[in-house]
Every structure is written in C-alpha cells, then in structure tokens.
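Here come two complexes built around chain A, the first alongside chain B, the second alongside chain C.
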Partner chain A sequence: MSHENPAVKKTWFTPFNMVVGFILLVGAVITILRFTKGLGAVTNLDDNNPWGIWISFDLLCGVALAAGGYTTSAACYVFGLKRYHSAVRPAILTAFLGYALVVFALHYDVGRPWRLPYPFFVQSGPTSVLFEVGLCVFLYLNVLFLEWSPSALEWLGYKKLRNVIVKLTLGLTIFGVILSTMHQSSLGALYLIAPSKLHPLWYSSYLPVFFFVSSIAAGLSMVIFEGTLSHRYMHHKMDETYLSEHDGVTLGFAKAASLVLAGYFFIKVVGLALDNNWHYLLTGYGLWYLVELLGFVALPAFLYAMSVREQNLKLVRWGAVLTVLGIVLNRFNVSQVAFNWHLPSAARYFPSWMEVAISIFVVTVGLVIFRFITTNMPIFYEHPEFKEHEPVELTEHELKPHPQSF
Partner chain B sequence: MLRRQFLGLLGATAACAALGKPAQAAGTKHFAGYPGSNGVLFDATRCIGCRRCEAGCNQVNGLPAPDRPFDDLSVLDQKRRTNAKSYTVVNRYDNIPGAAGPVYRKTQCNHCLEPACASACFVAAFTKTPQGAVTWDETVCVGCRYCMIACPFEIPTYEYNEPLTPRVMKCTMCYPQITSGKLRVPGCVGACPTEALVYGSRAELLQVARERFHAHPGRYINQIYGEREMGGTNWLYISGVPFREIGLREDLGVTPAPELTSGALAAVPIVASVWPVLLLGIYAVSKARDRVAKEETKAAVAAAVAKAQAEAQTKLAKTKADAEAQMKTAIEREVKKALEEAAQGPTEGGE
Partner chain C sequence: MENTFHVLHDFMLFTKGAAYYLMGATVLGLLGFWLYLTGRDEEKMIK
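Let's look at the complex of A and B:
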C-alpha cells in the first residue's frame, strides 16, 4: 500500500486535536502564571474562601467519580459477580487516571506542592482529617497503579511480572475497598470541623456516611456513563466478551445504583430528622436542598428502578447522567453553595475563568491519556496471549454469553 | 494464602496501633488550658478605635506598610478582616440598640485552648504553646489552607500573591518577641493608649474581668467571650453590648474543634480492622457458594446420567428379552408348523 490516498492521509489537524491543543495551550499559559504570579493572579480565592473549584471539582468530584474502580473490582472479585469481569479494566483505568489527576490538580492548588509528601515523611498531623485523606489517596493511587499495571505489562510483553501482579488481585481489591471507604468518607468529614460555616441542611455528623454511600452510587453511575461514551468512540477496540457482557453490566449496575441511591435518600432524610432541620426546608436554601434530594437522588433512583424493570438501556443512561450530575451538585453544595452561607454575598466566592480553564485542562489531559491507553493497551479486550491465564470465569462467559438474569 | 492474609492483617493492626490516637470524644476529660498560660483581655467599653494597636502590631512584626496610614480613621467605615498584611484590625459598629455611640472591637487570633487550626493541620504546623500562643511553622507548611477552612473565627490568612513560598499569616501573640525578651507584652497591648488591652495570665484576666463587672454594675453584660467559646480561648472579650452586635458569633458552641472530628477519625482503625474480615468473609461465602453450586451441578448431572444409563440398560434388557421371547415363539411356531406339516405330509403325498 505505497500509494496512499491523499484524502485519507493522516493529518494532525483533526477537530478533536485542534480543540485539545487549544485547551492544552491555554492550560500551559495559566500554569506558568500560577507558578510565577501566585494563586492570587489566576484565582478568585481570598482569605474567607480558601478553597475554590480546584478543591470542589478536581478533588471532591474527582475522587467521588473515580469510585467506579473500587465498586467494580469489589463486585467482580470480592462479591463474586464474575459476569462484570470485562467492566473491571475500564473502571480501574478510569479510577487510576482520576486519582492521578486529583493529585496533579492539587499541585496547582497548594502553596508548596513539592511538600505534598511532607505529612508522611517529614511531620505528621494525625489529628487532621486531611491527613487521613492524604494518606489514603496516596496509598490508593499506588494500589490503582498496581491494579492497572497488568494491561500495560501485557502491552509491553512483560509476562512474568504481569502474572505476579495478577496474583495479587484479591489483596489489592480488598485494600482498595478499605482505603476507599476511609477517604471517600473522610472527604465529607473534612467539613465536620466547620459547623459554624456550613449550612445546617448540609452539615451533619453523618457527612462521612453521606459521602461514602453517595460515592458508591457515583462509581456505579460513572461506569455506566463512561461505558456509554466508550461504546460510541472506542467500539472498534472492544472484543466479543466485552460487547456481550456490556448490557448485563449496564443493567446490573443500574439495579445496584438504584438500591444505593434509595438507601442514600433515606439516610439523608434520617440526617434531616436527627438534627430536626425540617424548618429550613421552606427557606431558599431549603428549596435548593430539595432540588438536590428529590431531583438528583430520588429521581435517578426511580429512573434506575424503572429502567431495570423494563430492561430499558436508554433510561439507565438517563439515570446515570442524573446521578453523576447529582454527585457534582452535592459536592459543590457542601463545599461552595452552603459553605460560608453566613457571609454577605459580596464576600462569597465565584471562580475565575482561569480556574475553570485549569479544571477543563486537567479533564482534557485525562481524556487524552485515556484515549492513548485504550487505543494501545488491552482495556476493552483481552490480550490474546493472556486469555488462558485468566481465571476460570472466562470459560464460563463463553458457555453462557448472555447472563442477564435479574 | 492463609499465612499471607494473616501477615497482612498483622501489618494493618500494627499500622493502626502506630497511627491511632486515643479517642477522647467519648471520654470525660476536659482540657482547661495550660496552667499559667497567658492571654489578653479586650474591653470594648474602653476601646476608642484609634488603630494604634494595628500600628504597634505592624511595627513589631515587621509587616508591610498599610495601604492607608494608621491614623486614617476613615478605613473604619468598612468592615475589615485580618489579611496577609495585618494580623489585627479594629472595626467600628454603629447604631447598636442601647449604646450611646459607636462601639469598637479588635480582631486577631484568639489563641484557642484547643485550636481548630492545629487540629486540622496535616503536617502539625501549628503549635499550642504552654505559654498560650498558637504559633505556625513555616518550614513544614504545605499551603493547603485547611486551617482557614477550620478556624471558626476566620483568622488565618494566606499570601495569595506569593507564587512559590506563600505563608499562612496570623497573630502570634508576639510569641517570638516575648520569648526572646525583645518585648514584655504583645505589640498591640503596648501600643494601646486606653488600656483596652491587658496582657496577663488567663486565670488572672478572668478575675480582672469579673472585678470590672463588680466595680461597674450595669456597664457590662456579665459574660466573658472566650471563656467557653469553642472550648475556650486565651484572648478574652468583655463588652457593654451583646457580643453579636460587635461581630463576635454567639452560635459557635462550647465544643473544642478537635472533638468535632475525633469521632470520624476514631472510625478509621475500626474500618481498617473490620473491613478485611467482612470482605474476606463475603469473598469466602461467594467462593463457597460457587463451589457448592458447581458440586450440586456435577452431582445432578451424574445422577441424571446414571438414571439415563440405568433406564437404557433396562430398556435394552427388556428389548433383548422381548426379542428373545419373540425369537423363541417364532422358532417354536416354526417347529410346530414343521412338525404338523411333517405329520400331515405323507398322507397328502400318498394321495
């Protein structure tokens, strides 16, 4: 094929590359600004509002939406739901990139990023919830790296090392669930220390429980949501096992998410009742709280339940989108909307365009790496050389390709 | 596998033991402050809003020159808070019901007995000194600003325009200057012309405040702000008007900040020790269920095969028997027929 058709000649100037290139360029410029002029030059942060969207979105939402890693691997390896096996690798990859980007984004936000390992190696503050968050995120990033590494090792052809790491799967999964339980909840616990700043409807001694339970719903929904997107753009990379299991994964996860969201709804109401906060519901903040609780918790729980009953994949996707938006809304409500509610509106925070641009930049970096890895490494398919090395469940899949008994 | 799990659990237990701190939330212990620790008593009935304390603080701490000079009192027209250039500010509060004129109040770090900032700092950069001051260590601070989230009095500030070496800035009660002997009292106290600020041991200051209540009936509301707020502070306030009228929050409660998170932190070792048991249990159950299901399938298949085989055997035997019987009857019939034919044969042949 030496005569290439000029019409299909490979060009770097595709619309996708142009947009990505532009975002990366803007990100690079703001990065230089941040590290030469300081946070004051690029953010709207001030002494009353020390945490902006780089914490609300990049950290709180980033970690919650990367929860698909521990939920999926726990479902498959601990709970023994082997029909979800093909969903594990994409979920682990998403989680690994998510956490890596959380840590990457933190380098912009903290004052002296090279000191980020200080809490573990120089001087520890174990009375701090943030210490727990930091330690767990640090450890979990390593766990996710190990969980993800077999796909890279298969790609590179390091069989021996790959087989050693695959043997650690159960241990890594359990360690991952423990670490996730602790830091997902601790992100909520961060705000326990500021009852005088957070609106009573969002402040609760159950905040850690709320954050943990909602992270499960977020993780399940992200797997569904991301699976839908991947189906559209990475379809050519998927093997038969992935494709035949995909609908089963979607409906199974929808069922689980429906139950978790229903449970989340009830513990939120319990929190409301425990603190006797009913009278706040008729205020402006109360209506906003109801929008979150009814529109983004109860409604997606209902949509998920409906979709499972009717085996309606389209409805599942709506449920997933609504849940993901609901988690983002909740994290923003806790960390921004309801935080500092006692301050006059002039003293409240609104992000600068450069803060938004850096958040978009971080997500774009993640997207580009995700695309590179899923294009090159066995994520949506099983590497032909390693098929037989997979545990027994693989043969089971082949025996019954449509395990959709709900 | 078992040995590995055991070692893992052992490691987790050791890690918990090393990291765990005694959970005091449920205990009956109450920290009433270091004995003999120092503080400052601010008397709002004496403050005239001259901003000399701000100037004194600025000078002894070597802070940058203010945007507007310290004798410019028009800055009091707007409410201000501490910032990276000023550890302390004075605010004026107008139109307070029951007050003859404006009332002034100085803001700075209250030096909590159990500081929220120190509890929240993940590198333990803050220290509650036995002398009373809460100090901050630049050599370990990462600049995460969680202290600013945690502080109920909104005191710590941050050098947002420092790109690589931003500091958290807050009042030190002139701890370095006093311990080195450069100052006897904090800069603000030394600069106050009306003795609205008194420096001394916290216990004595509480005494002084009560004596003033006693000596001037009706002049004060008989309450000392900072005696119990957030578990108590080394900086104390007395006033002739309700504290909320001069910008001091009365809804903070008396719980020291560390207690607000100690419950959640106490859950950490429990999760770390219970989760492995629970998760391995679930794993074992699902494994066992799989195995049982597989065995049951196997047994059922074996039974079905055996049954089918047995049936086939009987059928075969029956068929065989039937065939034999048929054969036998056929032979007998044929023999009989032949015999009959033989018996009749000669007669017929003879005809």
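Let's look at the complex of A and C:
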C-alpha cells in the first residue's frame, strides 16, 4: 500500500468530485420534487405501467448484480474454497451496498418511507410473493450488514464485538444463501401472475428458476467486474495477499460462471420447448430473444470457457462485462420490453429523464460510499491487528504473469 | 412449427416429447462443455 505525500496539496475540485457533485445535486432536487409533488411530477408511470425503471434497474438488476455476496461467501465458507478468501470482503461490501441501495431506491417508488416496516409488522400479507421478496430482502440486508460489520469494527477498533460477529460467519453465510435462493427466485415468480401481459418467449412457469440461476452467473461476473475496476482505481489499497490471489479468483470464478451460464442456456431452451414457443422465434421479439440468449448467455459462457483454457484474463473480463450486460438486458426484457407487449406503442412506457437521473443518482451514491469504505476500512487488505488469513500457495501456472490486461 | 393441437393431451405429448429429447441433448451438451472447459486442467497441473 502506498502512503500519500503530505506535501501534495489536496483539492476538492477534481473531475470525479465535480461530476459526482453535479449528479448528487440534480438527484437531491428531483428527490424533493418526488416526495413533495408525487410520482406524476417526475415519472412517466401510469395505470398500465406502474413499474418503471426504478423497479427494472434499481431493484431487479440491483438484486441480481448484488448476488456476488452470497456466491463468494458460500464458495469460501460453505464449500471451503479458502483461496477465494480475499474476494469475500469486497464481494460482501458490493452486495451490502447493492441491497441497501435497492431499499433506498424502493422509497422513490413506494413513497412514505416511514411506512416501509408496515408489511412486516402492521399489515403482513404472507400469501403474497411480494411479501416474501420484501421479507427476504429485509432479513438479507441485516445479514449483509453483519457480514460487512467486522471491517467497520476493525476500523473503529471494537475488537470484542468484532470477534463475536466473526464467530457468526458460517451461520450468517448459510442464512444468506437460504434467503438469496428464496428472493432471487421470487423476483422471477412475481411475473408468474401476468401470463397474458408478458411475451410468451419470456414468460415461463420456470421464471423463478431462470432468475435464480442467472443471479449466480451475475454475482460471479460482478465479482470479476468489480475486481477489475478496483484493481485499476484502488490498487494502492491492496495488500500482498489480495494481489497474489486475484488472478486465481478471477479464473476460478470465470470457470464457475461459464458452467452456470451453459446450464442457464440449456434450461432456457428446454423452457422454450415445454411451452412450444418455437414459432415466436421468427418474429421481431424472437430475434430480440435470440440476441439475449446467444449474445449475452451463450457467447459469454463460451468466452469464459475459452479464457479459462487459455488463462487469458482479458477475455475473462470481456466475459464478465457481457454477462453483467446480459443480466441487465434480461431483467429489462422481462419487466419492460416484453411486458405489456400487446399494448399499442402509444400506451407503452418510456422513462422520463428524471427517472433516469434518479437511477444514476442512486448508483453514484453507491459509488461514493464504496469509495469511502474501501479507502478507510480494511476491505482490500487485512488489518494488521486482525491477520488471520495466510495467502494460499498457488501453483506455478497461477503465479505465471499474464501479459493481457483489460 | 405448424402443429395443431386438438386436446391438451396432444399438446403435452408433443411438448414433453420435445423437452425430453432436449434434456438428453442438455446432458450430452453439458458433458461436452465440461470436457472443453477442463480440457487443459491436467496440463496446467503437470506444469
């Protein structure tokens, strides 16, 4: 880790800070508009389209892309793959922030933030899929907070409390996997209620399975993607252990993601066959479906496999980018593009610029918090007073330098 | 794919038949994919 030179004078007016400041300012103004004037003042939502991009992007994509937390901690603590230990804290932090922002963004849609606990404590509706999703997200956010808290407690110096929470790691991981399995699939199950509204190519009674399986690939790919960006911008905060294990983590996750994506591809095709939807493939929607299935599922699966065989880290990163984009595309297709497909184009939904601005605002808030936490807390390095993990001995091929860079 | 289904049984017979064939293909496809994915693992171990 490098230490900053005190002689260099810091300025707040960096390009990053200026752009972030502008986005936060615009976001704050729209937030005031939303909570004082209502949904109609800032969104293009209507009775036909009550769920817009705040649900499609902030919630559906947010939850899927935050799946790196449970996949990484399960790999390390449940399956005992300790060589991925250094990836756990960044993955848990990404997941925690992801879920926290999902709940934060949900306030914009639902309104009246003080009523958020009502579905659980005042008027619970346990027969609703949405209730199950809400309860799981609520519980999982707490689990992620506890899983993340040791790094904050190490930073603050609360040793005893930190040691107590660290002892709960395995239990929290198992609880997290159970909750994730439930709500990742239930997000797909939400759309089972609308078979007449969702295009047959995307509607399937196996939607919960599709959502769950794709979330695993999304989580693995997000860990690779986030690791790549962190390597570029937070390299000075990484210790020897993290750096020496990074290539092994990337290739190991690529291998897993490749197999999961291949499985996802095959079950999607079997889903087509079970509903006998082959004839739709020759329509416009069919071509779009093929773009998603071949370009953003089959292609990254193949890219990942090729990169694992060739030990090509550059290719792994392209696979990760394609997979992440593919998951975003899939969630948008299910919740927007193929939803209400019977409606005339004039009645279809297109987001207002303020909806897009709020989504950008939410992502920016996450980015700023991520930067603050990784700068101050032991995320990419082990705190010197709490060193537990020794770097796993790597084989010669894993230690071999890789000329390719992203 | 112009298939006329007169009763639900016809539909189930056709679609399940197709799905079973595809499931067989899936098993073989995944096996092939696994062999491709791990094809060079032994070489790496020897190195």
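Convention: the second predicted complex is superposed on the first by the 378 of 406 C-alpha atoms of A that agree within 3 Å, B and C clash if a C-alpha of one lies under 4 Å from a C-alpha of the other, contacts with A are read in each partner's own complex, and residues count from 1 in each chain.
Operating definition for what follows: contacts are C-beta pairs under 8 Å (C-beta built on N, C-alpha and C of every residue); 3 or more make two chains touch, one makes a residue touch a chain.
Note that this is a predicted model, so its numbers are computed, not measured.
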item: Touching partner for A:Lys159 - first (chain B), second (chain C), both, neither; value: neither
item: Contacts of A:Val270 with chain B and chain C, given as first, second, both or neither; value: second
item: Touching partner for A:Ser258 - first (chain B), second (chain C), both, neither; value: second
item: Contacts of A:Ala305 with chain B and chain C, given as first, second, both or neither; value: second
item: A:Val122 touches, of chain B and chain C: first, second, both or neither?; value: first
item: Partner chain(s) touched by A:Gly80 [first = chain B, second = chain C, both, neither]; value: first
item: First (chain B), second (chain C), both or neither touched by A:His279; value: second
item: Superposition-derived comparison: chain B or chain C, residues of chain A touched; value: B
item: Contacts of A:Met182 with chain B and chain C, given as first, second, both or neither; value: first
item: Intersection of chain A interface sets (partners chain B, chain C); value: none
item: Chain B residues within the chain A interface of the complex; value: 4, 8, 19, 21, 81-84, 116, 118-125, 140-146, 148-150, 152, 154, 156-166, 249, 251-253, 257-258, 260-265, 267-268, 271-272, 275-276, 279-280, 282-283, 286-287, 289-290
item: Contact set on chain A toward chain B in their complex; value: 34-41, 43, 45-48, 50-51, 74, 77-80, 109-113, 115-116, 118-119, 122-132, 134, 170-171, 174, 177-178, 181-182, 185-186, 189-197, 205, 208
item: Chain C - residues contacting chain A, complex; value: 1-3, 11, 14-16, 18-19, 22-23, 26, 29-30, 33-34, 36-37, 39-40, 44-45, 47
item: Touching residues (chain side chain A, partner chain C) in the complex; value: 255, 258-259, 262-263, 266-267, 269-270, 273-276, 278-279, 301, 305, 308-309, 311, 395-397
